[in-house]
Each structure stands twice: as C-alpha cells, then as structure tokens.
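Labels A, B, C and D are assigned to the chains in the order they are written; within every chain, residues are numbered from 1.
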Amino acid sequence: MVIIMNPEATAENISEVIKAIEGAGLEAKIMEGAQQKIVGVIGDKTKMASVAIGAMPGVDHSVEISKSYKLASREFHPQSTTIDVDGIKIGGGEPVVMAGPCAVESLEQLLSAAEIVKKGGAKFLRGGAYKPRTSPYSFQGLEVEGLKILAKAREKTGLKVITEVTTVEGIAPVAEYADILQIGARNMQNFGLLKEVGKCGKPVMLKRGLASTIDEWLNAAEYIMNAGNPDVILCERGIRTYETYTRNTLDLSAVAAIKHLSHLPIIVDPSHGTGKWRMIKPMAFAAIAAGADGLMMEVHPNPAKALSDGSQSLTSENYFEVMRGVQKLSKLMREENLNPIVE
Amino acid sequence: MVIIMNPEATAENISEVIKAIEGAGLEAKIMEGAQQKIVGVIGDKTKMASVAIGAMPGVDHSVEISKSYKLASREFHPQSTTIDVDGIKIGGGEPVVMAGPCAVESLEQLLSAAEIVKKGGAKFLRGGAYKPRTSPYSFQGLEVEGLKILAKAREKTGLKVITEVTTVEGIAPVAEYADILQIGARNMQNFGLLKEVGKCGKPVMLKRGLASTIDEWLNAAEYIMNAGNPDVILCERGIRTYETYTRNTLDLSAVAAIKHLSHLPIIVDPSHGTGKWRMIKPMAFAAIAAGADGLMMEVHPNPAKALSDGSQSLTSENYFEVMRGVQKLSKLMREENLNPIVE
Amino acid sequence: MVIIMNPEATAENISEVIKAIEGAGLEAKIMEGAQQKIVGVIGDKTKMASVAIGAMPGVDHSVEISKSYKLASREFHPQSTTIDVDGIKIGGGEPVVMAGPCAVESLEQLLSAAEIVKKGGAKFLRGGAYKPRTSPYSFQGLEVEGLKILAKAREKTGLKVITEVTTVEGIAPVAEYADILQIGARNMQNFGLLKEVGKCGKPVMLKRGLASTIDEWLNAAEYIMNAGNPDVILCERGIRTYETYTRNTLDLSAVAAIKHLSHLPIIVDPSHGTGKWRMIKPMAFAAIAAGADGLMMEVHPNPAKALSDGSQSLTSENYFEVMRGVQKLSKLMREENLNPIVE
Amino acid sequence: MVIIMNPEATAENISEVIKAIEGAGLEAKIMEGAQQKIVGVIGDKTKMASVAIGAMPGVDHSVEISKSYKLASREFHPQSTTIDVDGIKIGGGEPVVMAGPCAVESLEQLLSAAEIVKKGGAKFLRGGAYKPRTSPYSFQGLEVEGLKILAKAREKTGLKVITEVTTVEGIAPVAEYADILQIGARNMQNFGLLKEVGKCGKPVMLKRGLASTIDEWLNAAEYIMNAGNPDVILCERGIRTYETYTRNTLDLSAVAAIKHLSHLPIIVDPSHGTGKWRMIKPMAFAAIAAGADGLMMEVHPNPAKALSDGSQSLTSENYFEVMRGVQKLSKLMREENLNPIVE
C-alpha cells in the first residue's frame, strides 16, 4: 500500500501515519516528492485492515499495490490448475463444453436436450433446477425434482452434470446430484454461500458478478478456496455496461487477465454474455481463440418454447455448427502451437 | 409487451407469434408499420413468462411496457407508505436519520458512538455485526456478540437499532435484537434471503445493488412483500460507474424515480455512496432537498481507528454540523411547502 | 508517479527503470516491499510523458499520484474563482440560473421563453443555435439566424445569453452574439475547439463529457486556461451509466469533488442530467443544497411543441415553482451559514 | 415509434397525441392494453423529430422501434460492403492488418517501424501525426511534419497509410498524404468534422466513441455517408466500463452486432481496447475468430522509448507471433467455411 499525503500535510500528520503503520506491525517508508509526500507500507497488507488510513488527518488517498487474494493468485501457485471431474479435465488442454437448457422444465425436455448436447460433443449437461429470477412471478425452477431429472439424464447419456446452487440449504441436495456446483452471477458476493460451498467436496464453478471487477471475482474465489475447496473454475458471463443492444457486454479480455493473475481455469458463457442466440457462435469462436478453457452454452430442443432465456438458446442445428468450429479452432491452435497467452 | 418483427418476417412467422400469445391466454394485436410489423400483447404479462418470444422465427426483439412488480408500485398503491417502528415514522414526514459506525467493534466503541448519534438527533443506531467483505481476510464482524452490544446500546440510549442480515440463518438472531433488518447491496438479489426476510415480522431496509437498475430494485422489494412483509424501506447507496474518484456514484435521481414509481419510503446513504467523509455533508443536504425520507450515515468516535470504512465516517463534530443543516433544510421545506416531488 | 515492479523483476530491470527516470531529468527512489519493489518518481511529472514505463521489462504497472492539470487545480489557486459577466457574478455567492429552450426555434418562441425566464428570476437565457444531434436527420439548429434571435431577446429583456459553439468556425459568430460560450458534452475532448475558445476573450462554460472522469474534465478545462482564458465555468450534466430509467445519471457528488479539487465555479444541468421534466425540481433543489454555483434548466413556452428535448423542459408554471424553491433554499443556506463544502 | 400512455391518461390526452402524430403527416394506431393504452406511429419516423411526444400530458414514455440511420443499415443495403483502397480490399475476404506506432516520432522511428510492419504482413501503416491527448502538456504530435514522414515510409515500403484527423483544417493535409483518414474515439460525435470528412473523397475509418452505443456509432457513420462518402470502415476500440484492470473493455460482440445491423466493414483495435501489450495477442486472435474484417495494432521498434502508449505496443517479435496466428486462424476459417456470422 502507498499512502499519498495532502500537499498541506504537516510533519505531525506524517508521523501519526507512520505510528499507525508501525502499530499494525508493519514497516513504513517515506518518499518526498516535488509536491507531495508518500508513505509506503511494507509487510503483510492484511494487517492494514485494522487501520483506517483514509480517515487520518493529512492523508489524501491510498493506493493498493499488492493483491488481497493469495490462494487464487498465480504468484502463489505459478502452474495452471487442471481440475479433474471423474476423468474429464478442465484447464490446460482441450476446451470443455457445458451445454443444455437454461432451466430444467421436464424429463422429456431435458432428455431431448441431453441427446443433442451429447451428439454435439459436449461433456457436461447444464440445466437450472433453482432459478434466480428478477421477478418473483417468473418461473423459479423445479428444485429437487429438477435435480433428479438431471441425474436421470446423466445416467442415460454419461454426460456430467453442472447445476446452480442458490442457497446454503440447497448445497447438500445439489452436491448429491451434480458433478459441479455452479454459483451464479447474482450470488458471486453471497459470502455465506461461498464459505459453505468451500466445504462441499465437489468442484465449484464461480460466475463473475454482473458488475464485479476481476479483483473482486478472484477474492470471491479466495473465499471458496480459503474454506478448503481448491477446485474452483471461473466463468466469464458478461458484465453490465451502458450498451443495451446486448443483454451484457461479454468481456473476453477477462480470459487473458485471469490467465495472467490466476492459475484457475476459466470458461466463457456466450449465451448470458450476449443474450442473443445469433451471437453465440462468433463469441464462442472468439473465446476459444482467446484461450478460454471451455464454454457454457444454452441449447434447447425448442428455444421458442423455453420457460426461460429462449432468445439466447441455440437450436440443435446451430449448436452442432458452433461445436464444429470450436473443435476445428481448438485443434489448429494446439497443432500450430498458437498460444494466445503471453507469459 | 410489444413484439417487433424483422422486416423480412413472413405472414407465417407472424401467425406463429400470435398463436403463441393466444396459447398463453393473452390477446394479440397487430400494427403494420412502414418498415416493420409490431404485435402487441394484451393481458396479464406474467403469463408471457412461458413464451420465449425472442427465439421465434421472424422476431427482432420485444419491449416490455408494463412493470413486472405490483405490490411495490404506486399504481397499485397510490398513497405513500409510512412505516411505523415503535412510534418512529419513516416516510412522509420529518426525515429519519440512522447513524453509527460501519461495524460494531466493541461495547465501548458502540456506546461512545451511540451517545454521539443520540446527541445529534438521529433516531436509529446503525452498526454491522455481520460484515460482507470483498476479501476473506478482512474483519468479518462480531456476529451474535455484536448484536448483543447493539441491544445494550439501545437499552442505554433509547435509540432504535438497524443492522444487516447476510444469511438465512442470521435472520432469527438479527430479528431478535434489531428493530429494522437491513439487506445489503451485495445481497439485493439473494432471492432466498429476500423470501425469508419476507416472513420475519419486522421492517426491512433494502439497499440498492451495486449495479442494479431501479426496476430490479423494486422487483427485489416485491420478493419481500410477496412473501408477506409490506414494511420495506428502500435505501440508495450509490451505483457502480466508470468514475473512480468516488467509491460509488450516488444516484440522487433515484429518490425522485422511486417516489414516482413506488409508494415505499426511500432513504439515502451518502457514506457508502461517496466513500469520502468530506462528501457526506453536501450529499446529505442534497438528499433531503431531493425529497428523501431519511439518511443513513457512518459516524465513528474515532474514524482513524475504525476497523472498516473509516475514510467514509464522520467525526462527532462533522456529524453535528450535518445534522444541523439537515434539520434546517427539512424544516424550511415543510414550512414553505417546498415539495420536490412532482406528481 | 509510483512504479510497481513484478515480483520476478530482476535487479537489472530495476536499474533500467531508474536509468529511464533519471534520463528524463527526474529522481528515482526505491522502496522494497515484502513481495514487490516500488520505484517512486520525484519531480515534474510532465517530463515522464516521454518514458513508456509500462512497456519496460519487469514493470507491472504504474500509478499516477499528482494531478496532470495545474491552472485548474485548487492547489495552484486556493481561492475560489468568481467570474464576472457584465456585473453578474458566477461563483461564491448567490446561485446563478441559466434557463431557456433547448433550441432556438423562432423569434416568437424565444421571446416568449425569455419573458418567462426573466419573470422567474434567472439571469441568463440559454438556447441552442447550433445543435449537435445523434442523427443527421434531426433538427440541426438555426445557426447564425438563431444567434441573432438570441441577441434580440437579450436586447428586449436584459438577460445575458449563453449558447453552444460546436466548431472552430462557429467561435467568431458565437463570441459576437453571446455572453458565455458553451462547450457541449460531446465536444469536451474536442481539443482543437478547446484551444480556440481559449483565445476567444469571453467566458466559457464547459460541460462534462458523457462518460468523462472528473480528472479528464479538469484537464479539458486546463486546455482552455492554458490557451489564455481563465474564465471557465464547469457544468455537470449527467454521466452515462447502465441505468436506463433516466437519460443520464446526474452526478451531484461531482459538485463536491470539483469544489475540493478546483477553484472553478460549477453549475448543474438537471434537464439533460435526468431527461425527465418531473425530475428537474428535486435535482435542482439537491444541486443547490450540495453547493452548486448555479443551474442550467430547459424551459419552453410549450414543451409539447419543442423541436428538441421537450420531455426534459419545464413549463412556465413548473419553472416558477423550481425558482421559488431554489431561492428559498439558497437564502436559508446563506443566512444559516450552511456551507455544504468541507475544506 | 410506440408511445406508452400513463394508466391515468384521459381520452382527451390520447386524442391530443393522435392529433400531434397526424399533424406531422404520420398515421397513429391505438392498442388498448389491460393496464395501459399504447399508440403506434406509422410512417417515416424522422418526421417525428418535430413532435415532443414525451412532454405531452398523459404520455408515460415512448420507445423507438425502427433505426434512425439508413445508409449505414443492412436493411437498406443487404450486401456487405467491400472498400477498395488502391487494390487492397477491406471487408468480406482476408482480414486486413493496420500496424505501426501510436505516434509518428521521427523519420528513423517510423521507417524502422514500417519495416517491421511490412515484414509481418500488414498492409497498412498507422501512426498519429495529430494526437488528441487528455492533458495539454502531453506530446501533441508532429503535425504536418509527421504526415510527410508517413508519406516517405509509404514510398519506401509500399504500405498504405492510415492516420488520424482531429480538426476540419486538418482534413486537407491528411487527405493529401494518407490513404485512409481516421476519426478517433473522442471525435466520434464531432459532427462538424464528420460532415467534412464526408466530402474528402477518401475512405474514412470511424472509431467507436469511448462510451458510445452501437446505435450512436452507426448514426455517426450515417453523418459521413449522408455527406457523400460511402467508404466508411468501423473500428471497435474498447468501451468505458467500471473495470479498471484494462484501459477499456474491448467489446467483441460489437463485431457480430455490426455485421447484423450494417453492411460496413469492421476492424478491431486490441491495443487501445485493452491498454496492455500482453492482451493484444489473445484479443487479436479472438477478433479474427469473431469475424472481424481486420485489425489495428500498435507496434513500436522500442516500446519502452515510445512517446505515447508504449505499454500497449508490441515489439517486433511479439507482432510477428500475433501475425502468424492471425493468418493461420483466418486461413482455417476460410478453408473450413467457419462463418462466425449468423444471417
């Protein structure tokens, strides 16, 4: 941390700041600039949590320099992490695709979707049993019934299952039926939930919050890891901006940012990221070219009849075409050693 | 809802759309524009939740026209709501001030803060016992111990207590000790939590999410009201924008928007809204002038020693000066009948 | 400037950075942190413009500490500036109101608006003769004809005139007819235009760009001042955020920020800031309470017939009511010494 | 346009609205909803510019349905446009790369950059002679001297030249020396400049504004096209969001959006889009995979010595590696018929 003093800060102000830093068991260094004095803080920054530097007389503002997450950082763990879900590897190799309907609506719908998903080459079936919806009057999911349907589809197709958990009480049933637990964007800073999925014993996919910075996202991963679960997969799903043409703005540069800052695998969800089925193909191709470890996409046997998010779901035909491109691009990149990530 | 068809939409596309609308028990009306055909949907829009209009062939996009919340809307309940907390009225009259430290740190700290708060004229003591923090390594609050300290301060000063609840399990203890339960910005769309505080039997203050629209905010209030709790107070606390000088951008126009769209009281938190103690006074004055029903402010006996958010906390001296202005402005507005809200 | 090195930066990397700083005629100071080394730069920061520090090996990122504007800063000029426009003082005293239609449409319309504006107590008449419009097919203004109409209205009413200039060629005619030249939000970083109005010899009102930071805004003022014109008035008019209920999000905390960072007067435009006439009153009241030096508001004799921005224009009746409140609030604040700005 | 009336709108309010629409030479159609009445407007929407519908009594708000641009729209011109610059085709075929330093600094620097640019396979040399800079004290470019240096580099290498024009007076010299005129992000809504480059007789590359919507961007293109110049190339260069890790958020979904809404070619600038040289490679790959017609990238013979934007410039080695990938990906996509754009 670097503390920038006001131009009018007195010698006493500065010595108070130094006293506070040293009182927290840290070392302070002063740097005298042309206009302003700066005080640098050396040592474990978490100790600074107990000092309200910004409120001290003479302080203009302070700037964080080191990161507040550790377990999730590449500095702490230089090698990229691969997460093994029953033999399927996420991270570091071939991209993994997770596909399926937004919501589990019925056994027929899900089985029909699962057949398509499998035929296209995805390894994971997605489908929401618990749906967080903006309005209390929208379809809220089939809950445990939906989980059982997902398990049946897994049994029938051999696909692994990923599904969202939205409450602490939901963790046990979801962990019973799913291979990966998903934390949705709206719950990215539901810290109570993060701490609990940190103890669930299964891999967790953590979606980026609607308006979360990359730093907040990695800190959210840190909550899960710090609670004992190292198997965290990140998922970029678009951020909220002023642009209204797309539902969100898919931030593909987050893929490169995460690869630089963290060792965790990252996948991309172009369905939520754009909100338009027409944009899934270009954004899926782009995500793979940018170095994403996988994709999450909405596929529905009949999007026009979907109970939620139909406009961002692919038909089987579109999905097959997306998968063909994803596989070709990914193969080329491995064969030609086109590594998008710059160390 | 109005559905805008593509210029190339065929007659068959349009008749499919109409069939889907009628299939949902609604009425469809066609309007032929110069370039595009439009289909209007008449009837209870929640029925449209089961139709994925955006995924139907020939559909360009659809536009919502009516609101998806009802209990929270002024249309449904034209008269402004006043919430009575043990004799203290929130909404419609004199502005109510809630003040205190960001976090409950110790009995001494809280009692000392409570004396200041009371002396300045606020009616509610705030203070977090459960703290949602970006990093798992930051101070997370004293939990139940903090609640007991709050209760002691209430006993000693007669101030009412408002404090945040962050988990479903926390609702019972918080409801036991607090007069108002606060839902924080990060939990505004924690729907499981909203449904449960809807059954707690105490008033709830719902902070606006970090990047939530006014529409999403009122829908979140609807979750609580729909679960049986009509006593919802809204709190504007700044939204996330590109500007980095302030911690958030305090959206005071939200006060006017809420007064137009809803009957619920709204208060403003200039501490979190700006992140800078210097800005609390101007923004508190502005909030009152804009018609807010109250204020929430951070006051700390010694901001430089605060365990969280010291830079956005007022000293006692500053707090008294803010209160003096708030009372003068509010008195003038009532005496001179300066109603900022235009019906 | 503070330069943060990578954890893996070598001694050679650091010595290259120091060499570059010293080569620019500046002094470098090293601070060794627990995880990272930091290099501070001391001296006139504009010299660093010729060093691409971010591209040097071993550099993680750099953080600016001192401001890049000088003439516009309060550090350079501690006393608040008052701008005298033919006897009317902007800054430091009674708030100044600028009102009138969005666009000059005809002599009748403008004279009729000017009568209302004067009757309500505003000192300046606003009205666009050159209109920057999103679409080339929208009304683009009456140009020089419009300027002449403004001059006629001034003659008749004694009101001063403020109007927008959009091109370098337009500066001479606008400076001939207007008392203050306005630079609109879309041109805030039209640096060629800024340099030229810096030589026009008349006060300039600089609106904040649609998505400009406070730092960029003050740098834009610096362009005008550096070209020789010290008479710059800032105008907050709302920024672009994700919220769509309002046309823009009026950032009233910018008033407090500007008062802290700069000595220049700042006024607020709640018409463009909200895009809704209903919100002008609450936001005008709030701006005054926050310490703004004045207001710019759209008033139209018949908003429903306005050629542009009718939905954000006040009728005469609404305008009189806004003015009544503004005067009452401002009088109270001066009488009671309610200074919203904290030094 | 669809006009949504208030629930309390009277029959008279509605008939006034209809009268206003018909008065503008358009047709009105009423649709009676359950809660609200809607009035649709049929005919050429530019005629509505003279009606301030939003200010009429009983009107809640209005929603635009048809686009306000025409020449730039795909509806008007269904076939994708290819722009021929002296034999080099932009749009529809092989991606075109524009590379070079941010600013022209000297003849030596530019020739050295040009050799690298050519060797890597780019067809265009970029380099700024007029630099729009946030601070008036930053390097502002070599101006005409810079243009002459660009022309010399073209002569020597055979590369085409693209450079930015920032003022109306600059158009003639830039058009004399450059093959494509660039309009920078800060000038995207400098309408005076747009109208004039519409008459310059050379192709224009229009960068997206820092916080411009896709709709505003296409309207800006419309200004140029409407002034007589059909040869407009769009360039996505990142938008302003709350995220601070990257300089801007590169919106690659804009590529797909533009391909759907317009027939104009679009290229992507990952240098400005991310502000970090490490991110240029993944974002360049992603842009090609998303269907962009080309790339603009900053390449500098010695980024650490660059007078501007060094941290977002590639070294020759990095540039060659980016080009290798771009060519492989683009070849694969053409050979395998991987069309990212869904009609």
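Criterion: a residue touches a chain if its C-beta (ideal position, glycine included) is under 8 Å from a C-beta of that chain, and two chains touch if they have at least 3 such contacts.
Computed from a prediction, not measured in an experiment: that's the story for all the values here.
Participant: Could you compare the number of C-beta pairs in contact for A-C with that for B-C and name the larger?
Facilitator: Higher C-beta contact count between the two pairs: B-C.
Participant: Using mean CA coordinates as chain centres, what's the gap between subunit B and subunit C in Å?
Facilitator: Using C-alpha averages as centres, the distance is 30 Å.
Participant: I'd like the Å distance between the centres of subunit A and subunit B, where a centre is the mean of that chain's Cα atoms.
Facilitator: That gives a centre separation of 26 Å.
Participant: Just how far, in Å, is the C-alpha centre of subunit C from the one of subunit A?
Facilitator: 38
Participant: Could you say which residues in subunit C touch two or more other chains, in rising order?
Facilitator: 211, 215, 240-242, 244, 277
Participant: What kind of graph do the touching chains make: line, ring, star, complete, other?
Facilitator: Looks like everything touches everything, fully connected.
Participant: Any idea which subunit B residues touch subunit A in the complex?
Facilitator: 20, 46, 49-57, 68-69, 132-139, 166-170, 186-187, 189-192, 210-211, 215-216, 219, 222-223, 226, 240, 277, 300, 303-313
Participant: In the complex of these two chains, what residues of subunit C are touching subunit B?
Facilitator: 211, 213-215, 239, 241-246, 249-253, 255-257, 259-260, 273-274, 277-279, 281-283, 285-291, 318, 324-325, 328-329, 332, 336, 338, 340-342
Participant: Applying the document's contact rule, which stretches of subunit C touch subunit A when the two form their complex?
Facilitator: My answer: residues 2, 4, 7, 29, 31-36, 38, 40-44, 63, 65-66, 75, 211, 240-242, 244.
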